[in-house]
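The two complexes that follow have subunit A in common; it is paired with subunit B in the first and with subunit C in the second.
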Partner chain A sequence: MKIKRNQLYTVVALCVIVLLIVLADHVFDSFILRVFNLCAIYIILALSLNLLNGFTGLFSLGHAGFMAVGAYVSALLTMSPQLKEMNYFLTPIVPVLKNVTLPFFPALLIAGLVSALVGLLIGAPILRLKDDYLAIATLGFSEIIRVLITNAQPITNGAQGLKGLPRFSTTYTVWAVAGAMVLFMVLLMRSSYGRTMKAVRDDDLAAEAMGINVFKVKVTAFTASSFWAGVGGALLGHMITTIDPKMFTFSLTFNIVLIVVLGGTGSITGSVLAAILVTVLMEALRFLDEPMNFLFIHTAGTPGLRMVVFSILLMLVVIFRQKGIMGGKEFSWDSVAAFRARHARRARSGARDDAGDGGNSGNSKVGGNANGEGGPHA
Partner chain B sequence: MTVTLFLQHIVNALSLGSLYALLAIGYTMVYGILRLVNFAHGDIFMIGAYVAFYGTSLFVLPWWASLLGAILFTSLFGIGLERVAYKPLRDSPRISIMISAIGASFLLENLAVLIFGGRPKGVDVPEMMGRVLHIGPVSFLGVSLFIPLITLVLLGLLMWIVNGTKTGIAMRAVSTDIETARLMGIDVNRVISFTFGLGSLLAAFGGIMWSYKYPQLNPLMGVMPGLKCFIAAVIGGIGNIGGAVLGGFLLGIIEIMTVALFPTLSGYRDAFAFVLLIIVLLAKPTGLLGKRQAEKV
Partner chain C sequence: MPETMLSTQGLTMRFGGLTAVSDFNIAIGKNEIVGLIGPNGAGKTTAFNVVTGMYRPSSGKVFYRGADITGCKPHVITEKGIARTFQNIRLFRNLTVLENVLVGCTLSISSGFFSSLLHLPVYRKKEAAAHEFALALLDKVGLADAAGKEATSLPYGQQRRLEIVRALATHPALLLLDEPAAGMNPQESLELMSFIHTLRDEFDLTILLIEHHMQVVMGVCDHLYVLDYGITIAHGDPASIQKDPKVIEAYLGVDDAGNK
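And then the complex of A and B:
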């Protein structure tokens, strides 16, 4: 009975979301639509990083490198020969790549696979490292990838980058891929493999003692994460339509780390919410860079103020609410029902038995957590 | 390559290595005590250079006065940074404090863009530093000679502080075991502040010297040196001051010499450090001078 009700809710919610996306595609002007689609891309990227940071406990700072691989592969596979000739005016492109033109979806898939392959090759040696060492090594590899791209002039056009990528990242495409990513994560976390990953995260020694091949789990997670990072990078490239090595620096990785932390490491819901929040906020705070006339306060435009405010926000979150928005929990209809019931009870009982209520809410917190671990009961 | 050219490269490599060593010490000391990669250390380096720049250009101080002032200011700044960004997180998981460090670094860079402006600034190099010196057939800038010499002096002072003073003993005790050190009556917070102050002082000095050697400032100038010097600290064995110095010099020499011997590789210069890091981590994960610790269950 309860399960059926939840399924109904889920179907309704999905319909509403699809409707919203269709509506957005028709109503929003091009700028807002772009921000809207950027949300989807950041959902993909944040979830792929959360797969590592949140669910497998591998702190990686190399996401930008895999995104770069995906973006370049997809760009090179989809650009027309004429376009390539226009781009490669300093050094001609290698003949193999010159006449390749694939449709978007095969190219996107190949971009993800190449990125996954790179992830596998990098992951196999460095996943023996832990914690900070792993973080620095992944950061190192992403810098190496960037330097290689800058220098491989005949393949990547070096520092000039590629311009005029086909505009394939339409609203439907990016949101469909984002939906696929969310589904992938939800199914993965419900499967026994997802639980294995969490076991490795919580205590890898104990996991090893239980017979889990920890190294294999880590490499698999790293490869899967690289795949999605490559796909996300490719989508980003086809949205901005210009890519160059400078785009894929550490600050790009930082944005994604920020989303994962803000949402709560180890929470799919959190990553989705934070991806939307951060993307919208990044654009909404743009007014800070422009001249202001607020009542009698006039300020000249100060470029850079937006990023300062943004960094301060992040610091405040990290210092005062380390768990992020969701803190490892997941959204489920049962937790919504529990929340509403608690709210209603509190409204009825008033201040008289405050202490008892405190105990209650503590209990339901544990319950909510158990729900989250079992995956959304939707 | 002629002998003269080779010697010139050696002087260059030594001065770059000294700068790396100065910055790497800050990383290694902080890591030794807090097990924290202080991502903002590279930005402290940048702030030191900017403050010295404004000391001479805005307040028209002689270069040595603005150098000293900038070092002092940056040192206090480092202590303040620890208080604000790291101290509230002392008991949280290491990942949170690392993210706070990344956030602090990001904040400092953006603040620098806001306050100092994003456009690169040209530095007025003091006459003594910019003069070309000749020793036999080898000629080089004054600053290239000055840096290794003063670095040696600073390293000597540092060694004396760490090994010979009571504060240094406290630092080593805290780095071995923070809880036990607290039980022995050591004021852990004071020691941590002192460590940050000392590390920032060396970083500021490195930054100012960097700005004399490569006379241009920009708000992101600390990012690459910062990353490379953390790598230098890891290569030498993080937590070990001698290791950081060794790693810094090693990195400087390898970088300059590889570019000198194989000019075609110069585009890959920024990748050397990372390749070296990965080789060292895979062969000897605790670094060249690091001690191996058994994993306890």
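And then the complex of A and C:
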């Protein structure tokens, strides 16, 4: 009975999401539509980073690099020869790429595969490192990729970037890919390979003693993560329709790390919720960057002030809820019910003491797993 | 003479100027239970780490069933049939009890990334078999009821047992136990030793175990090797070890004085 009700909830929720995607093009104005689609892209990026940081325990800060590879490969494969000629006015493009024009989906796949190959080549030497050393090495490689792109003018058009990319990232496309990504993660984490990754994360020495080729598992995770980062980067490029090397700096990686940490490392639903939350806030808080004139507060407008909000948010999470919104667990209807029951009980006892502690109306999603919160001293 | 499962020749491990294990020679016959004892810091765990491939020895060789396995990677050594447990429990702490054992079954599932990602029939079959096997193992050691619990939520003694079960899931022929009785009271230690005895018979195992409380190993081991400062100071059957003046001086003497 209970299982059936939960299934019903899930079906209803899925229907609502699908309906939202179908209606999005007709209901939303172009700005909201863009934020809506950006959510999907950030879901892909956050999950691909969570695959490394949360599920395999490899702290990587190189995501922007792989996104850049994906974005450039896809752009170069889909732009028409005329468009390329217009872009490459300083240095002509290498002849091999001049007349290549592929449809979007093969190009997207190739973008992911090239990015995965780069991930494989980078991962093989640096995955012998651990923890902070690995983070620094991935950060370094990401910068190397960016510098290479800036300087390989005949291929990438250098610092001028590429303009006028075909607008392929439609609502359906980005959400379909995001759906595929979620499915990929759910299937992977329910399989023995996902279990192996989690074992490597929890204790790689013990995993090795179980006969697991730890290095191979790490390289596989890194390659898979690079693939999806490349796909996400390509989608981002075809949404903004302009790409240049400055887009793929560390601050882009930081945004994705922020989502993963906020949502909870090792939680698929956590990443999805946090991706939506951060993307929406990123736009909603834009007013902070503009000049303000509120009662007695006057500011001249500081670009980047909204990032301070995210920094504070990150600090609060690190201090009060180390495991993020979902605390490494997955969202389930039962946990929502448990959360509501607990709060109802507390409210009732509160009313009896006349204390009326209130504040229980908060979003049930956020606290949905509070009962399963593990020790923060992990 | 039964088959020699594990033997070492002049195994030496140096860390900079410190020689942790020096000229270590051991030979373990099939189905024997052999104890490696010695005071703290004697080099017992280092010897284990060299045998299981965690360290590459400075010199000397390790043979498993006659084949040279010196310098093999740890996972390759596990594949060959040597499993181990750790002195300080190393369970996969965010996984359930059952999942911990299933990770031990990874070798028998051995599915590639894509076949397990897509849940292909080949993979499903192996995974189902592994589930059944893992549950049967847990049932045998009385942990079946805890299968769904988080591994680290178990009481200490059960965590130790779970580590042994997880090692058994790799289908070993030789089991290396690093201080399985650490942190247990004498009664629990004795129970554990009889548990180890039954394991040997039931799974046709050969067992090498580290222990520093000599009384605990007396009843269960066929042979003992005594290490002190990396040097093998004695080996033989428990009764003769107990009388060995060198052992008493290095080890039992202090222990007895402390106890009495």
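Assume the second predicted complex is superposed on the first by the 310 of 378 C-alpha atoms of A that agree within 3 Å, B and C clash if a C-alpha of one lies under 4 Å from a C-alpha of the other, contacts with A are read in each partner's own complex, and residues count from 1 in each chain.
In this section, contacts are C-beta pairs under 8 Å (C-beta built on N, C-alpha and C of every residue); 3 or more make two chains touch, one makes a residue touch a chain.
For clarity, every value in this text was computed on a predicted model and none was experimentally measured.
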> With the two structures laid over each other on chain A, which partner does A:211 touch: subunit B (first), subunit C (second), both, or neither?
Replying inline: second
> Thinking of the overlay built on chain A, is A:44 touched by subunit B (first), by subunit C (second), by both, or by neither?
Replying inline: neither
> Regarding the shared-chain residue A:192, is it in contact with subunit B (first), subunit C (second), both, or neither?
Replying inline: second
> Does subunit B (first) or subunit C (second) touch A:137, or do both, or does neither?
Replying inline: first
> So which one touches more of the residues on subunit A, subunit B or subunit C?
Replying inline: B
>> For A:326, using the defined touch cut-off, is the partner it touches subunit B, subunit C, both, or neither? Pick first, second, both or neither.
In response: neither
>> Tell me the contact category for A:243 with respect to subunit B and subunit C: first, second, both or neither.
In response: neither
>> Shared contact residues on subunit A, subunit B side and subunit C side combined as an intersection?
In response: 205
> Considering the complex alone, what residue numbers of subunit C touch subunit A?
Replying inline: 52, 54, 73-75, 78-79, 83-84, 86, 90-95, 99, 102-104, 106-107, 109, 111, 113, 116-119, 123, 127, 130, 150, 166-167, 169-170
>> For the complex, give me every residue of subunit A touching subunit C.
In response: 184, 187-188, 190-196, 198-199, 201-203, 205-214, 220, 224, 266, 328, 374, 378
> Across the complex, what residues on subunit A touch subunit B?
Replying inline: 53, 59, 125-126, 128-129, 131-133, 135-137, 139-141, 143-144, 147-148, 150-151, 205, 250-251, 254, 257-258, 261, 265, 302-305, 307-308, 310-312, 314-315, 318-319, 322
>> Considering only the defined contacts, which subunit B positions touch subunit A in the complex?
In response: 31, 35, 37, 85, 88-89, 92-96, 98-100, 102-104, 106-107, 110-111, 113-114, 118, 223, 227, 230-231, 234, 267-268, 270-271, 273-275, 277-278, 281-282, 285, 295, 297
